[in-house]
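Each chain carries a letter (A, B, C and D) given by its place in the written order, and its residues are counted from 1.
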Amino acid sequence: MDPLFTLTTGPVDIYPEVSRALARPISYDYDPVFLHHYETVHGKVARALGTDADHTVILQGEPVLGLEAAAASLISGQDTVLNLASGVYGAGFGEWAKRHCGAFHEMRVPFNEVIDPQALSAVLDAHPEVSIVCLCHHDTPSGTVNPADAIGHIVANHGALLIVDAVSSFGGMAITPAGCQADLFITGPNKCLGCPPGLSLLAISDRAWEKMKANPTAPRGSILSILDWEGAQRADQPFPFTPSVAEINALDAALDRYLSEGPEAIWARHALTAAACRAGIKAMGFTLWAADESFASPTCTAVRTPEGIDEQALRALIREHHRVTLSSGRLETLGRLTRIGHMGPTAHPLYAVIALVAYGSGVATLTGRAVDIGAGAAAAMAIIDGASPLTP
Amino acid sequence: MDPLFTLTTGPVDIYPEVSRALARPISYDYDPVFLHHYETVHGKVARALGTDADHTVILQGEPVLGLEAAAASLISGQDTVLNLASGVYGAGFGEWAKRHCGAFHEMRVPFNEVIDPQALSAVLDAHPEVSIVCLCHHDTPSGTVNPADAIGHIVANHGALLIVDAVSSFGGMAITPAGCQADLFITGPNKCLGCPPGLSLLAISDRAWEKMKANPTAPRGSILSILDWEGAQRADQPFPFTPSVAEINALDAALDRYLSEGPEAIWARHALTAAACRAGIKAMGFTLWAADESFASPTCTAVRTPEGIDEQALRALIREHHRVTLSSGRLETLGRLTRIGHMGPTAHPLYAVIALVAYGSGVATLTGRAVDIGAGAAAAMAIIDGASPLTP
Amino acid sequence: MDPLFTLTTGPVDIYPEVSRALARPISYDYDPVFLHHYETVHGKVARALGTDADHTVILQGEPVLGLEAAAASLISGQDTVLNLASGVYGAGFGEWAKRHCGAFHEMRVPFNEVIDPQALSAVLDAHPEVSIVCLCHHDTPSGTVNPADAIGHIVANHGALLIVDAVSSFGGMAITPAGCQADLFITGPNKCLGCPPGLSLLAISDRAWEKMKANPTAPRGSILSILDWEGAQRADQPFPFTPSVAEINALDAALDRYLSEGPEAIWARHALTAAACRAGIKAMGFTLWAADESFASPTCTAVRTPEGIDEQALRALIREHHRVTLSSGRLETLGRLTRIGHMGPTAHPLYAVIALVAYGSGVATLTGRAVDIGAGAAAAMAIIDGASPLTP
Amino acid sequence: MDPLFTLTTGPVDIYPEVSRALARPISYDYDPVFLHHYETVHGKVARALGTDADHTVILQGEPVLGLEAAAASLISGQDTVLNLASGVYGAGFGEWAKRHCGAFHEMRVPFNEVIDPQALSAVLDAHPEVSIVCLCHHDTPSGTVNPADAIGHIVANHGALLIVDAVSSFGGMAITPAGCQADLFITGPNKCLGCPPGLSLLAISDRAWEKMKANPTAPRGSILSILDWEGAQRADQPFPFTPSVAEINALDAALDRYLSEGPEAIWARHALTAAACRAGIKAMGFTLWAADESFASPTCTAVRTPEGIDEQALRALIREHHRVTLSSGRLETLGRLTRIGHMGPTAHPLYAVIALVAYGSGVATLTGRAVDIGAGAAAAMAIIDGASPLTP
């Protein structure tokens, strides 16, 4: 049976209008209407990112393409990279960075902690040669959010370029390329924007464009190339290759939703849903993965798996009994936590209640332990009812 | 105004059921239903390709990804490549091949001709060291079809590996990996299968798997990797990264159509549409691009632009007056020909008539010359009416 | 803002596959494919109703058309009607009956009670002249279910014809034309089958066909005619007028779902959702409208509005704060109760939890009273967790 | 196999955006968003009709409901009706009129002619007691258009009320309630507006409202009632019964298209398509049904069936060979003509060419006669190319 509630960390449930946009007629990419349409959607991406068309690129593959392309395009053999690793995805980016850089350093914290800006400052002071810093803003497999703006400030003062993976945070909380002073900012529509996976969205600073153009090893004539797409959004310019027409249509509808509902309102409902979820998790006696709730993500709640429980069996049981799909951990966090996504259309408070009762029921059924599901629901509702209505 | 008739060479108009499949709910990639669904769709790809699941890979990007990945994965510094170039795309593949090979040869014919198997045989005899041969089956920017099966036979006898780009031919004519003895066969759903662009479909021989695994420079941990996807279709295996869920759903519907309508019936309607189109073009006094009609493509009719005509202006006028979108040439053929696509849902005879009257009208209006549009329509209808009904 | 959860008593949320079926291409009604399609869908209706094609009619308007047509077609000036009124809809049917009958009797019980078969038996004994009995099986504005099978048995013994309004019960519980011995059984796809409103589905006994044909005042040449549609489903017969093509497509998908998931499994999830809902309502200290829970509907839970509350304001608040849409009462029950629908796709247990916490939160917010939402959620989950998994 | 080209007179092919609108989520009819939405759509209907909300009604059934309801609501036993019959549908309306009127007259002309205003004037002079005149503007089974504005002027001078059936003309040519001074003007979205069948749209004059309210036999509490819907579009008023939510959504999109593309531009493309079609039919040696081309419809071309041809077999052959669906005649015109629809999305000139070559091919194949299909296509293209571009 299909799931009824996809409360995951991506792919996520999409907005109804995005679903209908996927069903729009497919245009030839050089049809004049599509050329204009692409430039318009590209402009909406820029507007959502708070930048402009010349500093925005859409790549035709899900954000793993954007991340790999960023590493390959920006990092050269002359670079010393400092990779910030507070989770599986941040650590993973280091593997791409190592392929291209001259020297590599990593600042690593336990995967339920986040990067401390002060500590970063000290590392950079000790390594003045660092030319590129890599940050995963929201390390999804941990559900933790790094202080990107503070980190960006320090990196900017240091003079290094900053790559920010904001794939699963952009659109769900207050993170922008300008706010964190990112030179390469990578996100995607398939998380908080409520689209299917298939595209990467990049914001690129002037410095980053210059650096990539000067980088002899930056991909060109390749699906991994960012450079190939410079200016390609203009209706009078050719595409390097065929864009993903259906995904562009979907993105168009998702951005219309994002810009018309309003980023602040959307961020507020992500935050409220997560706050309600965390309250309920704690009220049922479970433990958040994040060492400190202050950096728990508003787009994903990671719950530490209670002792003695097979996390995969737990999710399978929840899926079977309640038709609720939740996300597992990844690599180091696999089996140690369960993730409840609050992204896009499911970033509404009552979805937290669904997740809570399903999770509580799952643990109780699997273990035979008593779980106070009522306390969980009540705690969540107390948060929800204490908030102002979301729609003023 | 949106086009009414998208008679292009890709992206093409999609089937109605493919459009609806795009609107299916988006699943989490690790939801058990999606894991099973992916394996099922992968199996349908294998069945359509005439191979099996272990010799099939879906890559998550439009076929340019499949082609670049093929070059990067199969070709190593030990290889001597012979690239067969009878058109823009065949020639273009050489650029990817050169990045990876030790030595590079090219057999090039005028872009309105095709590769002569006898001549190829001679070249291979002169270059016994050739270890990989690269063929573009249907060079779309020329609308010409190389004799892939004969070429494959010669290459196999020589002992080299064969890469075949069948992107715009597979699904519209009798071409299969087995028939042409391809080791790496690359196609996509966005041409004759009637899907949107966004995926690559590969058939891979045992020899090609072995060669890629032994190739130290074959991409791994990359969007360009074929190796990463080995076995990933199995419901109990992880994906290297998130697949394009909506495109997989679309592909599912397209393959259901392909397999239920039947390849032979589908090939027949592509062939009949193109035959009617060619007859009409000639009857109106225009010239086919292909030097010999015997190798004109059943999925695309390339018409040589009459002297003194601005081809871009011609297509623009046709688009504006008749809301018919046609394709231009590419690079060397740009401006010299117009392409009428017969792919997927528009591979039905009456679409040839639409293209003919729109093209004839366009030339007449643009130049003031008399064009016998009636003769064009009549010639096409004579072919169509002479054929047996398509649906027995 | 659009609702997120439509937990109403119709129109209801529709199944995803029904939504996609609405987007199918629209056919000309006399296209051979549509003629065959219509006959096929009609056959599925018959199968779902447990009858056959000759005893089934689809009318092209939402079920109010089916009900009015039933009264106009079956009841003549020679008839003595006994109308059974246990709620607003049952009583309302009497108005139609009075227009056509010779004599009219009504057996009326309080609108939170149901018809007692024994009492009915007595009434019929006292009125041997009664020729037609009219029953509303599930009187939706009260959320109460009459004992249709027992009533049908008594009416059959009496010899009268029986009209059964099963609009909001069929498809969600064990009610069939044969089970209740209905001569005219009226339902629609827009309740438990998960379709949009726009069609009526009728099962007609041999006796009813004969009676209608003999009735000189039965509508003919009219949208109100049932007789006009006799045999019209056959692919070689004309339609009296154009059928609602999109709605027929939707019905097709809904019936595929109904027949493949299986009526018993579907009835079970309706029943479990309603049981969970009732448990939660009571646990929060609220009162069911039904005087006895044994006849509370499995497809709709009616909750008596607590003293001093403006029911309209309560629903508006729930809608605004939680984006949950609930149904009001109608006429005599308007303002006195709120209805939570469990129909079609929302007949899954966790939707009961959503309704409960939203309702509890609404009352608490509106009145400032303490509501034990946790107890409500816990009671519902206890019912849900106590049940066997729905999907064996 | 499904048709590729539905060139019929209704149900017709729908616009892509209408198809997507059908797939919108289904709302509860009393959800505040739907209440507002319904009022908005109703306002768009009024704007398209050139009237206002108080003089507009949407009925929840395809236009046969609107027509029957008009007859039942407006005509009373005190009325003398003059029915104008220039075709099957005009004559058919007389049957409904006779059910309700006191006295009935009919002015009938051959079904390939239209009503002569002068002759009508004489009839009315001879029958000063006529209180209601009934006109079918475009009698679709004949493809002929009556001079509604001139007729309306005469009827208004006479003082009678005028009922106009504009079902298959409104939206495709210059016909409005005001222009023809209709008191009850009935149309539907399923013809030139490019929607599926399922709704009726009515414009109602002040005189007609008064007459209906004073008419004791006008339906009330019935699906046939117009009166029940007075003011029901207001968001604060209840619906008489559940509206067809999906059809309302479709109508919304269709009206957005109609009002944004612009009625004049839309009428122009209907007219041009029909003109091209007629030119082609004549050039192939076939005969128009209309006795005089000046009153041949811009939304439907009726072609007289050549001697010795089985019209049903002809359409079946065209359908099978070319996957083109055309319409037959009805009753008196059945078997004597074939109708080519030019309605909504297929009211674009190249669709006339498709119809022409399919029709010509069909006759040639069925009879073995030579048909100059080229002349047909050329004549159509001459008309098309002689016209200004449709999109300025």
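As a convention for this text, a contact is a pair of C-beta atoms (placed from the backbone, for glycine too) under 8 Å apart; a residue touches a chain by one contact, two chains touch by 3 or more.
Just so it is clear, the structure is predicted and the values come from calculations on it, not from any experiment.
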Repeated interface matching B-C, over half of the contact pairs identical, chosen among B-D, A-B or A-D: A-D
Maximum centroid distance from chain C, chain identifier (CA atoms): B
Euclidean distance of C-alpha centroids - chain A vs chain C, Å: 45
Separation of mean Cα positions, chain D and chain C [Å, integer]: 35
Centroid distance [mean C-alpha coordinates] between chain D and chain A, Å: 53
Where chain D touches two or more other chains at once, by residue number: 1-2, 16, 19-20, 23, 25
Of all residues in chain B, those that touch chain C in their complex: 16, 19-20, 23-25
Residues of chain C touching chain A in the complex: 1-2, 4-5, 16, 23, 320-324, 345, 348-350, 353-354, 357-358, 360-361, 364-365, 372-379, 381, 384-385, 389, 391
Chain D-touching residues of chain C, taken from the complex the two chains share: 1-3, 6, 8, 10-14, 19-20, 22-23, 25-33, 60-62, 64-65, 68, 95-96, 190, 196-198, 221-224, 241-247, 250, 316, 319, 325, 327-328
